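A, B, C and D are the chain letters, set down in written order, and residue numbers restart from 1 in every chain.
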Amino acid sequence: MNFCSDNTTGAAPEILAALAAANDGAAMPYGNDDFTRRVEARIAEVFETEADVFLVATGTAANALSLSVMTPPFGAVYCHARSHIQCNECGAPEFYSGGAKLVPLPGDDGRIAAGDLLAALAAHDPGVHHVQPAAVSLSQSTEAGTVYAVDAVRAIADVAHDHGLKVHMDGARFANALVALGCSPADATWRAGVDALCLGATKNGAFAAEAVVLFDRALAETFAYRRKRGGHLLSKGRFLAVQFEAYFAGGLWLKNAAHANAMAARLADGLDGVPGAALYHPVEANEVFVSLPEPVIAGLLDDGFQFYRWQREGATLVRLVAAFNTRAEDVDAFAAAARRHAEAAARQGT
Amino acid sequence: MNFCSDNTTGAAPEILAALAAANDGAAMPYGNDDFTRRVEARIAEVFETEADVFLVATGTAANALSLSVMTPPFGAVYCHARSHIQCNECGAPEFYSGGAKLVPLPGDDGRIAAGDLLAALAAHDPGVHHVQPAAVSLSQSTEAGTVYAVDAVRAIADVAHDHGLKVHMDGARFANALVALGCSPADATWRAGVDALCLGATKNGAFAAEAVVLFDRALAETFAYRRKRGGHLLSKGRFLAVQFEAYFAGGLWLKNAAHANAMAARLADGLDGVPGAALYHPVEANEVFVSLPEPVIAGLLDDGFQFYRWQREGATLVRLVAAFNTRAEDVDAFAAAARRHAEAAARQGT
Amino acid sequence: MNFCSDNTTGAAPEILAALAAANDGAAMPYGNDDFTRRVEARIAEVFETEADVFLVATGTAANALSLSVMTPPFGAVYCHARSHIQCNECGAPEFYSGGAKLVPLPGDDGRIAAGDLLAALAAHDPGVHHVQPAAVSLSQSTEAGTVYAVDAVRAIADVAHDHGLKVHMDGARFANALVALGCSPADATWRAGVDALCLGATKNGAFAAEAVVLFDRALAETFAYRRKRGGHLLSKGRFLAVQFEAYFAGGLWLKNAAHANAMAARLADGLDGVPGAALYHPVEANEVFVSLPEPVIAGLLDDGFQFYRWQREGATLVRLVAAFNTRAEDVDAFAAAARRHAEAAARQGT
Amino acid sequence: MNFCSDNTTGAAPEILAALAAANDGAAMPYGNDDFTRRVEARIAEVFETEADVFLVATGTAANALSLSVMTPPFGAVYCHARSHIQCNECGAPEFYSGGAKLVPLPGDDGRIAAGDLLAALAAHDPGVHHVQPAAVSLSQSTEAGTVYAVDAVRAIADVAHDHGLKVHMDGARFANALVALGCSPADATWRAGVDALCLGATKNGAFAAEAVVLFDRALAETFAYRRKRGGHLLSKGRFLAVQFEAYFAGGLWLKNAAHANAMAARLADGLDGVPGAALYHPVEANEVFVSLPEPVIAGLLDDGFQFYRWQREGATLVRLVAAFNTRAEDVDAFAAAARRHAEAAARQGT
């Protein structure tokens, strides 16, 4: 039973079926096909607005490309100190932007605060000696498995726009956040001030499909060239499009995300009261961050459970990610095993 | 009937089946899975040598990343004046290399000649004012649908190595060339001096799968970081791997390529003697370049045939590409239609 | 006697004196000083227009920085095949632009023709697969020591502007061209359609001083940041400014250039009729390109004359550059020596 | 009286004289001259070792170029959070390195601690998702006007080398640090583990002259190409060389730095006991950081004194920089004025 990440899964059956269904016949390459036109229209419809849509195969590409149209090479991109773009993309934003600087901001539970952004911008010196504020990036849901309230997004976006910055949202797990918020896609994004959304599908049931949705359409001017130049324009583009088509069909994206979120909540519940277990962040989407005693971790690994862990502030922090296809019995088995190992450890002293 | 390109096709049924078969269960992400390990070993076996293998989703990524480990930012990459990297990748090699310069060389039928490379290198000045020769890139098969003889590859590689350059092979249609050559993959590549091969599968039956095969393993040192940083490390990496597994299984790649080549040859035969038709390049792989009179082109388009065309030296040059699933009856229909339109045009004078 | 280049000279006495005169007292750094403000105004006055002026220490910096504000990273910059930016700057334009592509154009005597630019642009495909035309660069005077007529500049600029390109002029030897043209600086530049001029002073009597003059002021938006980021914002900026102040004072720049041009003309005259000597390009500014028989070259080197030479089309091409301080007696000595060696060679047969 | 920076000065008379003395006659360009060869040898002699030396005109160029040969584009460069490369070079290190990431470390008084570097490296994950540790950069003297003890440099260098990092020293004010340490240049640098020193002369009496001294000569392999490509190879290179020649002649560099340091110490002494004045950092080189009450600052500005100031933690922080030509009477006048304004403010209450 693998709780490492939602990207250890295969694709949802509906998405596999869509791929198979689109396989016959010829289609013009490089996104010049009807499938792509259709899904662009569909995404605009889902978000209740005009937008420019660009499909790519990875979240890193989506993030780095969208940031590259928001910042000059001498720009500063504000982001959370533990954000994916800052910590986990091997410098992709720097590469695609031609060397812009990511400026890490602090923030509890993976969220940056509008006030901290404001303070950073107020302290900024516009002189030529310094990189110039260009964008702020939010992850929704965050790397800590939490979700920004819509008002929190708007507060950050307001500060950003007041200072001439663009607002980027890393939505690798956007559907999980959306389900948690219970609002419309439009309310969660452009109506709250988001200029560009990287809408992930891969972690929530696709093979490999991410959509860059540019609500600020001026950002689209050079995007297509940058995507091609980055090697991210797939020749058989229809197969990106049909993944998204199936993703939206019948609300699959919301259904998948709701299930994953429910499984994470169930896991948090199951771990509640396990001796030595303590949630590290609130569980608001599909990830559980919990510190566990070493003997418990050892026991779980012995049982064959898989998950990532880190040393953080003297304790061992475990991350457990639920996905669209996580089974309730596996969640319950994990919680029961954790409880069993914790109680055994308690009996043996320590 | 679409003769625009071999990338207007879907995937071969075997490759779709492999994708479906690998969809169940969890696999560690980012290529840390058994599927990927297995296909790396399989590729080494196919090429009868140790090599480092990196899978990506596009040919542009494969080319640009492999060139980026062959040249410093101030390097020169010699290539054919009409090569894909020079003309059709929107500057991806320049982007990934940090600004290296592609130096176009002339050459009939899409092939550069060892002598022209030697002359360029002999004229080179090593001073700091000039970009420094770093690599030579060959396309096999070429953008003109021709194939380098193994001896021609070796002659170029010898000149390159004598001058300290690395040898890159753009093999977006490598299987088509291999079938035409009738030699082993090893003879066609590293035994002839190729240091890195971009082995395409997409055009020959995959959804989106290209393998960078580094025979010169020193080139692999930084590759994995560059791939990640470029956004080309797919999270659900197993799905790249299984495409290649199916590609090699039972010689599918050779079977597909042989069929495509045969269809191109059949098309060339069918056009032989069509009034006003003249082959522009020898037909050696799966592409036919033929100049056709305007009324013939107009007639074919009217009939619903699809193909690319360019004005070149006062004539209209048509490119017809055959793929793994091109049907003989479509080929014959095209040739018959061309003949019909040509004869009609002849009758009407002009 | 050194005819290698006009950059083997020291500075003109007037410029050394200006440096010394400005040495006392404090001045705010990084160009925030009165000297810099004054010279910016002076340059605007010299060119009879508003313009943004940025001072740097090298011609390569001036060229690469000004091109970097004219082209996106996926842009194409058209230039002569033997231009300095293409052949002699080790890829600086590619570096500063983030990987744009220089597209070499042919052209006799170092000049590109409007028709060739037009043909290149007419053949261009705007699709995402190709770098996009962004700028054209002219060298005035050219690398061949020739000068574009004002009408030729205007014809090229008209083609460029009609296609949305910016016009860059590499004026490392602009004063030499200006003197040859006999027109005003304004007529030679912005009135003929030049958007940005790199105005060199170094080769014509300064220590190290080049001015980027942006007639198209929209190009200035990011220039200051790019200059700083490139390391080209000198802290003691007043010393760049005073070089230019002295350069213009009393028409020093024109006087120096006129002298250099006159010395080149005198040299060409002196070589006229020397057996075996043949001018390779017209002598229009301060450079003489002449092919000379090997025994003559050997004799001149023996005599201690210094100059660069290249093998070009089977002959030895010698470049002789006159500078602001080239002495007539040295010119005459060179010509006399060449004649003597040529006649000796003729007497000895061969 | 200008205390803004040591770069508000002109050049030392000895350096102006050297420039004038070198002005006559021809010298080969681009550093291919005897002056440059001589000063390279001189620097090796001063540092008692073999080293590769590259001259440039700005400190930003020296820093960015030397870092660019220490890190791959996906590398991490550890530095103090307030270092010049992190805060004041508009992203030049990112530009020259192709997008490497600067990782800020904390540290009192502008100094990073070996333990903090060790902790950062211990926490590093070598996987492809993360930029890879490549170098550590120290400023000597620091941006806080303090000086690393030789043992502190060695401790940091040991940690760095143990983890495969290179050690960069930003020595824009190296002479000031050296005089403060009272050790040999060799002891202060390569014997303590420094791989590359950016040796500044501009702030200490030159016009514009910085030397990159590569003790780790493997770093020199590509440096010359990178310098040219960055536009930092001056054509009349002799004028960089002679500034350094004069800088070392008769110990001018040490004499100038000792004077500046003494003036800073005198200033700190003079401010000692001024009501409301508090040193913000120890005064160890030629800079005084002192917080002063607002009325005192207002009074000093009224008197015509010039200096930079920042709001920092609720107080106003003033930076006062002494240079090679700062006069004792000006220092005393400043201190006396500060005392006068402080006492007046005290009398008026508040």
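Throughout what follows, a residue touches a chain if its C-beta (ideal position, glycine included) is under 8 Å from a C-beta of that chain, and two chains touch if they have at least 3 such contacts.
Note that the structure is predicted; figures quoted are calculated from it, not measured.
Chain centre most remote from that of chain B: D (centre = mean of CA atoms). Interface comparison, A-B against A-D: more C-beta pairs in contact at A-B. Chain D has its Cα centroid 52 Å from the Cα centroid of chain B.
Between the CA-based centres of chain A and chain D the separation comes to 42 Å, rounded to the whole angstrom.
Work out the mean CA point of chain A and of chain B, and you get 35 Å between them. The multi-chain contact residues of chain A, meaning those touching 2 or more other chains, are 73-74, 89-91, 95, 98, 128-129, 225, 228-229, 233.
Across the complex, chain D is touched by residues 2, 4-5, 7-11, 16, 19-20, 22-29, 56-62, 64-65, 89-92, 95-96, 202-203, 207-208, 225, 228-236, 239, 306 of chain C. Residues 73-74, 87-91, 94-95, 97-102, 128-131 of chain C touch chain B in their complex. Of all residues in chain C, only 30, 72-74, 98, 128-129, 132, 222, 224-229, 233 touch chain A in the complex they form.
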